[in-house]
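Alright, structures below, take your time with them.
One chain, chain A, links the two complexes that follow: it is found with chain B in the first and with chain C in the second.
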Partner chain A sequence: MPASTRNLLRWGLRHLGVILAVLWGAATITFIAVKLIPGDPVSILTGGENVMDEAGRSVLAHQYGLDQPLLVQYGRYLGHALVGDFGQSYQFRRPVVAMILEAAVPTLQLASSAMLLALCLAVANAIATAGRRTWLRTVLSGLELALLSTPVYWIGIALLALFSFQLHWFPVTGNDGFAALVLPAIALSLPLAALLGQVLRDGLEEALAQPFALTVRTRGVGEVALRVRHGMRHAALAVSTLTGTLLASVLGGSILTETVFGRSGIGQITLQAIRTRDMPLVLGLVMMSALVFVIINLLVDAFYLVIDPRLRGSGA
Partner chain B sequence: MFRLDLPAGASHASVRRRGRRVTDFCPTTWRVIIAAAMMAPLAWSSAGLAADDAMSHAGRTLNFGLSTDTSIIDPSITGSSITALIDRNIVDSLVGQAEDNRFTPWLAESWEINGDNTRYIFHLRQGVTFSDRTPLDAEAVKYNLDRILDPKTTSSYARSLLGPIDSVTAPDERTVVITYHQPFAPLLQGLSLPFLGIQSPAYLRKAESTTNSVVGSGPFVLDAFTRGSGSRLSKRADYDWGPGYAAHTGPSYLDAIVFKYLPEASVRLGALTSGQLQAIDDVPPANARSLQADEKLQVLTRENPGINRSLFLNTSRGPFADVKVRQAFQGAVDVASAVKAAYFGSLRPADNILAPSTLYYDPKVASEWGLDLGKANRLLDDAGWSARDAAGFRTKDGQRLSVHLVYDSATVSASDVTLAEAVQFSVKKAGFDLQLDPVDAGGYVARSRANDYDLAAFYYVRAEPDILRTVFHSAYIPPNGANVARVSSLDAKLNEAIGASAEERKRLYGEIQREIITEAYVVPLYVASYRLAAAKTLHGITWATNAKPNFYDASLDP
Partner chain C sequence: MSSNEGTLSLPRVRHSGAARLHPWRSPGLVLPLAFVLLLAAATAAPGLFTALAPDAVDTDAILLSPAPEHWFGTDELGRDLFCRVVYGTSLSLAIGVGAMVIACLGGICLGTAAALAPSPVRRVLVRLIDILLAFPELLLALLVIAVLGRGPTNTLLAVGLSHIAGYARLIRSQVLQVRLSGYVEHAVALGEHPWTIVVRHVVPNSIRPLLVVATIGVGTSVLAASSLSFLGLGVVPPEAEWGALLADGRNFLEIAPWLSLLPATVVAISVISITLLGRRVQLLLARGEVP
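And now, the complex of A and B:
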């Protein structure tokens, strides 16, 4: 086996180990938390109007393995989770994996369009205002601060009131088509754009103050090319450290956005699962978030190498 | 850009509209390109006009905004009232119940009940088919009921409606016989609800999971159900077996119904006033008046039958174990003022445990109780709570007269919290220290299970007085059900009333209502109501006996 393949294999195994460890930790902590907080899973299972005699209750408890000792439940849960089976949601009575996959589609649409929009806004903002145009910079940073401090919820209602109720440009409703995606995506993207914009501008200003900027300028390269081709690389490094925060705000924001706009998705089922103590669903969602988090962080690590040639060659 | 719901066969209108939109759109684009900044407001307003035009032609699709979502659409395995509301259009029932509580034919043309309510024979209508084209016959009815009774189905509410069934048989294609171990009178009312609506056995047999689809014989077909978003129903053109209480026969007038889940009240209201929805539920009490004043809108209110929203006093522990203390509390609550403060006069204060539209509601019980601070003070003195502490609360053996109202803060509306605060203020005059304990759903279940509360509050919707059994029979003391007052003195009468003759039932339920009030198991608060706001173009809404709107007779002006 050539050395490079062996190295790659070792790298892969190490990271797989990290992923599994994170997932196990997340599963265990959530399991303990869900079992510690008060509540009665059988009453969730009976569906709304809780009318059920002792016999019926024990049938349900048995069917969902709730009559087993906690350790057995835990072991069984981990065993099934290893093969990708997270059981059935208590209130929806459907396999957790199917529910999450189903809900992931509209949420991915929303999250990816919001991220893309946020990135475009932030990059344009940073390039236009870093270290110049003082008046525009002041106005935009003020706006960023305002957007960062405003709940997504409120932004969503304000957008709806203006563009849907008054101007009738976009429909309020649900998951139908592109028109219904515009307002939720804008609502979710604005705070993200504000955060990204601030960090990018700082990063860019820092990069432009470095000696290499002067070198590039003396070569006769234009200001825009300098900013886009050289400065942004440095600024991008600063942004990638924010990935965790961004991911969290996208997930958290999607709960609020989906509620205001009546969209189905991960946010809605997360809210519902936590509200009703739907343990299998809560566990499944936590595992999913942990998995997404780990994968994105790995991607970012790999992305560093692309952005910054100085980091290449130092590792394996 | 806008979703248009075109009526089927409205091609003329849509062609004309498309033509107009094109001519509108060209100058708009042109203006925007030529004179961006100056003309922007003009461009906005013309785009707005185009949208108005599109929306007024929305055709015969009713867009309905719901404040609550449902997790399961199969009516047999959930007690969700939203599932009932949606499924009423998709599944038919054996019998119908009119607004005046009388039973009418539906899937069953006629029926016979024996003298002691132990044997029901239903004669089915001929020619009824499910939307998957399979016939609705006696076997199909039997399959549905057997499925609900099967513990593996884990049906809870639907199963409780069927009572102690002995057997369901189908002697021939058009006859269904249901027999009971012991007399059971509430069957017809249960059968009239969507929870016992008949679904296609062909569909049920092959469905892997029934949680997000339903196939029935109703006037509408479920095209899509998306959790967290809503449902889309379209009309069945060959429907010709509506309930006996309906105003018309044949297919429904509406072409489609779209239920949209919009949990935010302000969003629902905005969507209604801007014409994107034609009706919404759960109108906030504070907005009801302004909607009523809007000349394009109407507010329709329907009082729920069943158990009024009431405070249930835990008779098994603490100060409320003493009947005198309970009666004192009942007499100390100024129900009328509290309800007025919380609901701006839009709801009626309750005078009994049962709502007036419930079968066998006894109006005479109202005179048995009411605000009487003098009596409350006397009773508390008698019960030994005669001392008062520095804060003005009564004490006994150094203990303050504190009682805890435990509620799930996620499901209790802001108005109900205001109401609880008004009650708190009102009973303080008699020396009660009423504590409000907001908890989450899990906390509520845990505390009611552990008997760690003095008061709880809720209401139940059902036109059949047997609902009293769910709330006051000792078999349903938590965690098995909703007997949060933890009463067992009514078991015998509740059991007897299940199967008795109509006259006997009236007498028994009268006595039960009286005892619930005079023993002060409860303080009735208000008659819960379903409040619908709709465009004035919506006509013909009728009401199911669970106070939910029926859409079969409904129509929309163009």
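And now, the complex of A and C:
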């Protein structure tokens, strides 16, 4: 077996171990949290304390495995989770995984368009202002600082009040079509753009101060080409420290944005699940977010191998 | 963490000389400080700002737009919104500060243990911090709310608990540094009890960077708490907490957008002020202009 394949295999196995550890930890923490909840799950299932007689309750408890000892419940829960089965939602009586997948579509649309928009804004901002002391930079960095601490819902409500209620340019609620996606995507992207913009600019400034920038300049390459072709690669590395923060802002921000704009999606079912204490759904959602986090981290790691040739050589 | 970004940037050329303002008088410090003092005053004596009572219902003045007699307008029951925002300051800030204290204390315990505990425990704790960091804070807070239920105290707990992991990571890295320092070696050589060393030497010297992070953390907590209330899972109306106010106003977005926009603006300005204040102090500390 060639060395590179062995390295790749070792890399894959190590990461698989980390993934499983994180997911197991997440599953365990949420299981404990759910069992700490006061109140009787069968009452939640039936929608009230005295809706069903004792016999009906025990049938239901048996059906959902709630009559088993805790350890058995835990083992069963882990076993099912391992094959991607999180049981049935108490409230909707539908498989949790199907519900989450269904709700993930509009959320993914929102999150990815916001991410794309944020990236464009941040890159343009970094290329235009890094290493320059102009009024534009002063304005933009002030705006970044303000946006970083501005609640997502403020941006959403302001956009809604202005563009939907005053100007009637965009629909107020719902998620049909592109027009309904514009305002939510902008609202969600602005804080992300601010965060990304700051880090990208710092990264780009650091790159432009390195000797290679001088070398490129002495070859007569223009300033814009230097920044786009050479500087951005280095600046992108600086974003690696941000993956977790970004992901949290995207997911947390999606929940808030979806509420402001009345969109269906992960946010809506999360809130519903928590209000009605629909624990299988809550567990499924938590596990999904852990899984997304792990996968994104893995992709980012792989992405760095692509953009930074120095990391490839060592064969780690 | 966002608080570290300032240190990543290059040292920049600064115009020194008489023309530069004294660091204590720059608008970047004075304005946020003034606003934070205003918030403190609103907490201590809300009566100074408004003569009205927050729960006074006036059926002749329902959903009025902002005007000189009602600065922020009135809500669907004719209650003065400015008055409610002023009276809501104490609860919102109390939740913000309380959550920060919980997060800091939890972070100090977890972080110190994750740095100094015997090997198997330490590795489990480090992994635990990693796992907690893997979750969006809002989701963690929602999980806590799902377990505990809604209300001001539970909101405080939810926000505090959900922020522990970030502080724990910071403290752990500090403790790992401090452990190697001369005075700890000295204390070990003197034969002091390990617990005494941890409590008297390691922890006090590790929490220095917390000053700035915790200041900004109050802002983050206010934001997180208002988000929870906005989602209808934190403090619930009729309590006059900022998030609850704007969640209430959301029902009248079309006819009275100021009802949600103005409380949200107060939240935004508060958080921005607190964050700016924290960053400014950090800058002054880094430049050695504060003893």
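Rule of thumb we're sticking to: the second predicted complex is superposed on the first by the 292 of 316 C-alpha atoms of A that agree within 3 Å, B and C clash if a C-alpha of one lies under 4 Å from a C-alpha of the other, contacts with A are read in each partner's own complex, and residues count from 1 in each chain.
The rule is short, and it goes like this: a residue touches a chain if its C-beta (ideal position, glycine included) is under 8 Å from a C-beta of that chain, and two chains touch if they have at least 3 such contacts.
Only a predicted model underlies this, so the values are computations on that prediction, with no experimental measurement involved.
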item: Clash or fit (per the criteria above) of chain B with chain C on chain A; value: clash
item: Which of chain B and chain C A:Ile29 touches, first, second, both or neither; value: second
item: Which of chain B and chain C A:Ala161 touches, first, second, both or neither; value: both
item: First (chain B), second (chain C), both or neither touched by A:Val59; value: first
item: Which superposed partner A:Ala103 touches (first chain B, second chain C, both, neither); value: first
item: Chain B versus chain C as contact partner of A:Ala180, first or second or both or neither; value: first
item: Touched partner set for A:Arg275, first chain B, second chain C, both or neither; value: both
item: Contacts of A:Ser189 with chain B and chain C, given as first, second, both or neither; value: neither
item: Touched partner set for A:Ser113, first chain B, second chain C, both or neither; value: neither
item: First, second, both or neither for A:Ser240, with chain B first and chain C second; value: neither
item: Common ground on chain A, meaning residues reached by chain C in one complex and by chain B in the other; value: 37, 157, 160-161, 165, 172, 259-260, 275, 277
item: Complex interface listing, chain A residues touching chain B; value: 37-40, 42-43, 45-57, 59-60, 63, 91-94, 103, 157, 160-161, 164-177, 179-180, 258-265, 268-269, 272, 275-277
item: Touching residues on chain A, where the partner in the complex is chain C; value: 21-22, 25-26, 29-30, 33-34, 36-37, 145-146, 148-154, 157-158, 160-161, 165, 172, 195, 198-199, 202-203, 205-206, 209, 238, 244-245, 247-249, 251-252, 255-256, 259-260, 270-271, 273-275, 277, 282, 285-286, 289-290, 293-294
item: Parts of chain B lying in touch with chain A, wherever the complex brings them together; value: 1-3, 44, 47-48, 51-52, 55, 63, 69, 71-72, 77-81, 151, 154, 156-157, 159-160, 209, 211-212, 226-230, 260-264, 266-267, 270-271, 273-274, 276-277, 410, 440-443, 445-447, 449, 460, 470, 475-476, 479-482
item: Complex contact set, residues of chain C against chain A; value: 1-2, 5, 8-10, 127-128, 130-131, 133-139, 142-147, 219, 223, 226-227, 230-233, 246, 250, 253-254, 257, 260-261, 264-265, 267-268, 271-272, 274-276
